[in-house]
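This report concerns only the one structure given below.
Each chain gets a letter, A, B, C and D, in the order it is written, and its residues are counted from 1.
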Amino acid sequence: MNFSNLLTSLVDGLLIGVVYGIAAMGLNLIWGVMRVINLAHGVIIALGMFGVYLFFSTLGLNPYLALLLVAVLGLLLGVLIYFIVIARVINAPYLSTLLATFSINMIILGLGTAAFTTTPRDSGFSLGNVDLGPLTLQGTRLVAALVTILVTGALYYFLYRTRPGKYIRAVANNRAAAELMGIPSDRILALSFGIGTMLAAIAGGLIATFFSFTILSGDIYQQKSFVIGVLGGLGNPLGALLGGLILGVLEGILPLAMPNTWVPVIEFLLFIIILLVKPSGLLGGRQ
Amino acid sequence: MRKIWLNPGFWLVLAIVVALGAWPIFQQDAAARETGFTVLLAIVMASSLNIVMGYTGYVSFGHVVFYGIGGYIGMYFIDSLGLPLPVAVLFGGLSSALLAFLLGKAILRLRGAYFALATIGVNEAARTFVANFQPFGAATGIELQFSVYKAYGGALQALWLVYYGVVGIAIFSVIFSYYIKTSKFGLGLMTIREDEDAAEVIGIVTPNAKTWAYVLSAILPGMLGVLFFFKNGNVEPGDAFRLGFSIESLVMIMLGGQGTVLGPVLGALGYQRLRGTLLTSDLMIGSLPLKDFQLVISGFLMLLIILFIPSGLVGWLRQRFATLRRVLA
Amino acid sequence: MTLILQVQAVTKRFGGLQALTKVTFDLAQGQVLGLIGPNGAGKTTLFNVINGVYTPEEGRILFLGKDVTGKKSYELAKMGMARTHQIVRPLKELTVRENVIVGACYGHENHDLISAAKIADEVLSFVGISARADQLAGSLNVAQKKRLEMARALAARPKLLLLDEVLAGLTPSEIDGMVKTVLSIRDQGVSIVMIEHVMKAIMNVSDRLFVLDYGQQIAEGGPEEVVHNPKVIEAYLGDPQMAQKLMEEG
Amino acid sequence: MKRTLSVFFTLLVFASLLLTACGSPASEPPAAPAPTEAPTKSEEPAAPAATDAPAPAAPEVQTAVIGFTASLTGKLNVESTRQNNGFNLWMKQVNDTGGIKLADGSLVKFESKFYDDESNKDRVQELYTKLVTEDDANFLISPYSSGLADASAVIAEQYGKVMITTGAASDGTYKKGYTLVYQAYTPASRYLTGALDALANADPNAKNIAIIHENDKFSTDVAVALEAYATGKGYTIAMNEGYDTGTTDFAPIINKIPAGVDAIMGGGHFADGQQFAKSLFEKGVAAKYIALLVAPPEPTFVEIGDAAYGIVGPSQWEPLAAFTPTYGITGADFVAAYKAVYNEEPSYHAAGGYVAGLILQKAIEDAGSLETEKVKAALDAIDMTTFFGGIKFDTSAEAHGLQIGHEMVFVQWQKDSAGALIKQVVWPLGGKTADLVYPK
């Protein structure tokens, strides 16, 4: 193992880590605000992939323009799901919310399989490569990193500098108190769920610009999102980016030291250990 | 009051399971036997998970781990050591119990959604570990020679034998489930479910109680795993640790009513028959066969139940008709 | 006179916050100790420390003469300590009788279900909610829930009973009933530590009073003596209403 | 006593519940032929074939049911659907020509019965038992993957039904002592060995290969056999590692490929293979030869554009590979017929589905009967060339039913004169449509 090999692995890890980060962000936000583990997160990521793919390949829309549309659709879908389903179970034991979101997952997955089959799709989109010394970086991956940073920044600004964002944080902090202060918690929760699914859809859309995918592809990002959530602090959407980067780098570097198939074993053991030792996440975060 | 045999609720649930199990035997009908196998398997998975989820209030997404580990250990014993099936089944159950004991010591400290998340981690860690574990064949899994069935009088007899095993385990599982529910230990578990901190103050040794609940819920799935994979002739990591199977077990419990003895039984029966019917249905929706939409239909039904009768069928009946409580355990 | 509980220089901190500072007192067999102090004085924290919910940073707790510092709640329960919670914690999906049976089963006498059921019925009629025995605990009103909470603790046949504001939120006639119940519990030989804000009641019930303010003990002694202690009055001045009451009663 | 009475009452309630619950299976006694579904002996008035049958002295027509499960949902749904299409095409053709004539002069037509197995093992045995006992299937075709095929084989053997496997490539399945299971495809152990032969032919000096495969049963079997074959021929295995099923990010494992590797071989199934090829291209990996499982022969592989260029892949069958059949239709006819019905290029899964039917047809014709024993004897004796290639089964006790007549063909994505990517057969040399582009 030489230096350039390590460097390549590190950079590759960071690039995938950014993607993991944005994929986990929505899940983390929803958990933080309403204590709901959204088991439909993965399939919404997959819908985001199909959204960008379909706009691009059938309408010839630029994928990043398509991404905007997909984001808006994701927001609407989230608000819709909130009012139809989540609002009714949000005060029920957490098992209800788990199973409710899981049934949404089943419904979307069933419809998706009927509509798209499980044939892998590939957008075939490319922005060329950038060569930097020993590194070969794809344009699409760099843009994805950029978009993620922009989205994270925007989310940060939204949560900390705007009124609805502050409301969201107030509701996350103490829903009963926020309601007493006259914050319309129902609408704020709907907005949070909408933003959560929007982030999932954006993540999916970005992934579609460089990876092949099927309707089932969201699952793997959902699972990684759990790990990332625990790494970065469950409920802390901004920690998700950091958690994603850590996971990405681990996945990039670990295979240099061990057989590749052992990496997921390490990953999940690490997940359990962190949960046991510090359930609020390696990087702290609100409890 | 506390005597099991005087309670009609006990007889009702027992009779349902006995009848379900006996039907294919009286008919000597192989298709009924296979259907029965699927249903009874689901009943045992749901009933045993109910001990942790319904009685103790800990939602586990990792129940299938016990099924998978038991299955693997049993298959390993049959394939590599040539042990007879009943011994392998026992070992399967014991090794699952041991795993549950060790796991329980570690992760049962976590509460609520954190525990649920940890069990997902456990499932994935187990699957990826076994996929690398050479003695269990790593990714290739363990395959049995067709000739192993000869020792049991050929494949036909072996399939019946496995079926009798499952019937026995299923009957045992509901008696067991009922017994725990009406025992002092069960009362302690339900206290933990209602309020774990209060339970400690009352004097319930919660770490032990939870661990034992976990262990007791793990034994029967471990035994079932051996029977199932023996019957199929092979085991692979993906089949043994299928997260979806755990989730289906949760769904069955929700359908029937968590924390009741009858609920998981009816939930498992209903769910499996519904899926089975949808999968083999010839009905068409427009130009598309209904079976293409079985996932959508199942998801939709489940959503309706969660939104409108969250305590499940049995729970709902018990709430609506207080007089039925004695009958619906 | 045997000491049932000895609290020796107990200190408890939460991060930078000093919740209890070198709290020391003894409780003799069969006595009632009233624990008073303004809101936030650390009374419930003290209960949690005695009861094994929290482990103190410094000091020792002796129960029945044995050092039990750092022991878990359930270990203390097995030794004969029981408590009620300030905010009642009924096991909502269980019946009232089952709630009490749990107490008898897992207390220090370790009864089986059948003998526990007998004890439960006795205790339920003692606290006066036998009529509700087969209802789900979640369906009781506040006063009934408080009685249930007490019944569950009593069913354990404790040697030491920690009562956390069992009178709060009750009507005057309910308070009278509850006071009688507490006294008859004491008459059965159970030692009691009781947190209470209803001064009149606690002065009637307690053999001694112990006053906490900002985690410090500021007075201890007979009820009359304590309420005339200037330090106590000063402490309560932060809470004018309470000071007023003390003055009147004094 | 009140209590006894209530027990009694409960038992009564239960009994009535039970009757309703078990009502449906009870109403169709399994011994009687199911009246609506799957009639075993009847005319087929609806089928257009009915008009073909000569009116005078109509021979008795019986219907043989072929049962199988398919993965309509779940991760294997594409392969499974294509296979179904191919099979249905065969069935339609046979039925349209009036069916197969048996020794006793009667005609056999076919009907299929299939269920969704959701690509998982839970219900496979239940469904196959149902196919055999309730739907009265005469012959079975296996589910798509090896694990599921294993489970169904137990049932086929138990009820004495011949089962043709398609897609169940693992050699292990045929070494378990089954006697009625016959493999239509080349087994896993020979999936990539031809790719190595092709490499040796193009460049005798390329000796250093890396094997990177999906960590599942099928791909691991292929990789293990390939490593053994390669070491036997004096190759150096620079690395042999797996990746988890469902992997999308291949950068970490690609970074592990040692410098100076001549060839990269492996892969797994479609989705990962496609992504793997794409990542190799994007990371500018300088291997002279890349051969991957499953994905390259698929027409949609080309969606990844230039990344597909030069990739070699094994295929059970290719439309371009011109075998001269000794039995059944020609490749060109198959392609034309398939396109006419399904409006797409047939993949090898489609051809596999068709050939499964063709194998049964040949065996039934030779046996002149639908009886398992006779059909089995005929299958054991088959040695033919179809449009799909050679078909011959191992009849030894150790590996009964293993396919030994069929060879993989290897395709490579090349560029035509206009620069568009096209698929060419490059190996075996006898069937090639273009020379291997090497180094790619």
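Everything below uses one rule, namely that a residue touches a chain if its C-beta (ideal position, glycine included) is under 8 Å from a C-beta of that chain, and two chains touch if they have at least 3 such contacts.
The structure presented is a predicted model; accordingly, all values stated were derived computationally and were not measured.
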Farthest-lying chain, centroid of Cα atoms versus that of subunit C: D
Among all chain pairs, the one with the most C-beta contacts: B-D
Between subunit B and subunit A, distance of the C-alpha-averaged centres to the nearest whole Å: 32
Interchain centroid distance [CA atoms averaged], subunit C/subunit D, Å: 73
Cα-centroid distance, subunit B relative to subunit C, in whole angstrom: 44
Contacts with two or more other chains, residues of subunit A listed in rising order: 110, 113, 259, 261, 264
Two or more partner chains touched - positions in subunit B: 128, 131-132, 139, 292, 294-295
Shared-contact residues (touching 2 or more other chains) in subunit C: none
Subunit D-touching residues of subunit B, taken from the complex the two chains share: 6, 8-9, 11-12, 15-16, 19-20, 23, 27, 29-35, 37-38, 128, 131-132, 138-141, 143-147, 149, 154-156, 159, 231-234, 236, 238-239, 242, 244-245, 269, 276, 279-280, 282, 291-292, 294-295, 326-327
Subunit A contact footprint on subunit B (complex, rising order): 53, 59, 106-107, 109-110, 112-114, 116-118, 120-122, 124-125, 128-129, 131-132, 139, 247, 250-251, 254, 258, 288, 292-300, 302-303, 306-307, 310
Residue ranges of subunit A in contact with subunit D within the complex: 5, 8-9, 12-13, 15-16, 110, 113, 117-122, 124, 126, 129, 136, 138, 207, 211-214, 216-217, 219-220, 251-252, 254-256, 259-261, 263-264
Touching residues on subunit C, where the partner in the complex is subunit B: 51, 53, 72-74, 77-78, 82-83, 85, 89, 91-94, 98, 101-103, 105-108, 112-114, 116-117, 152, 156
Subunit A - residues contacting subunit B, complex: 31, 35, 37, 85, 88-89, 92, 94-96, 98-100, 102-107, 109-111, 113-114, 223, 226-227, 230, 259, 261-262, 264-265, 268-269, 271-272, 275-276, 279
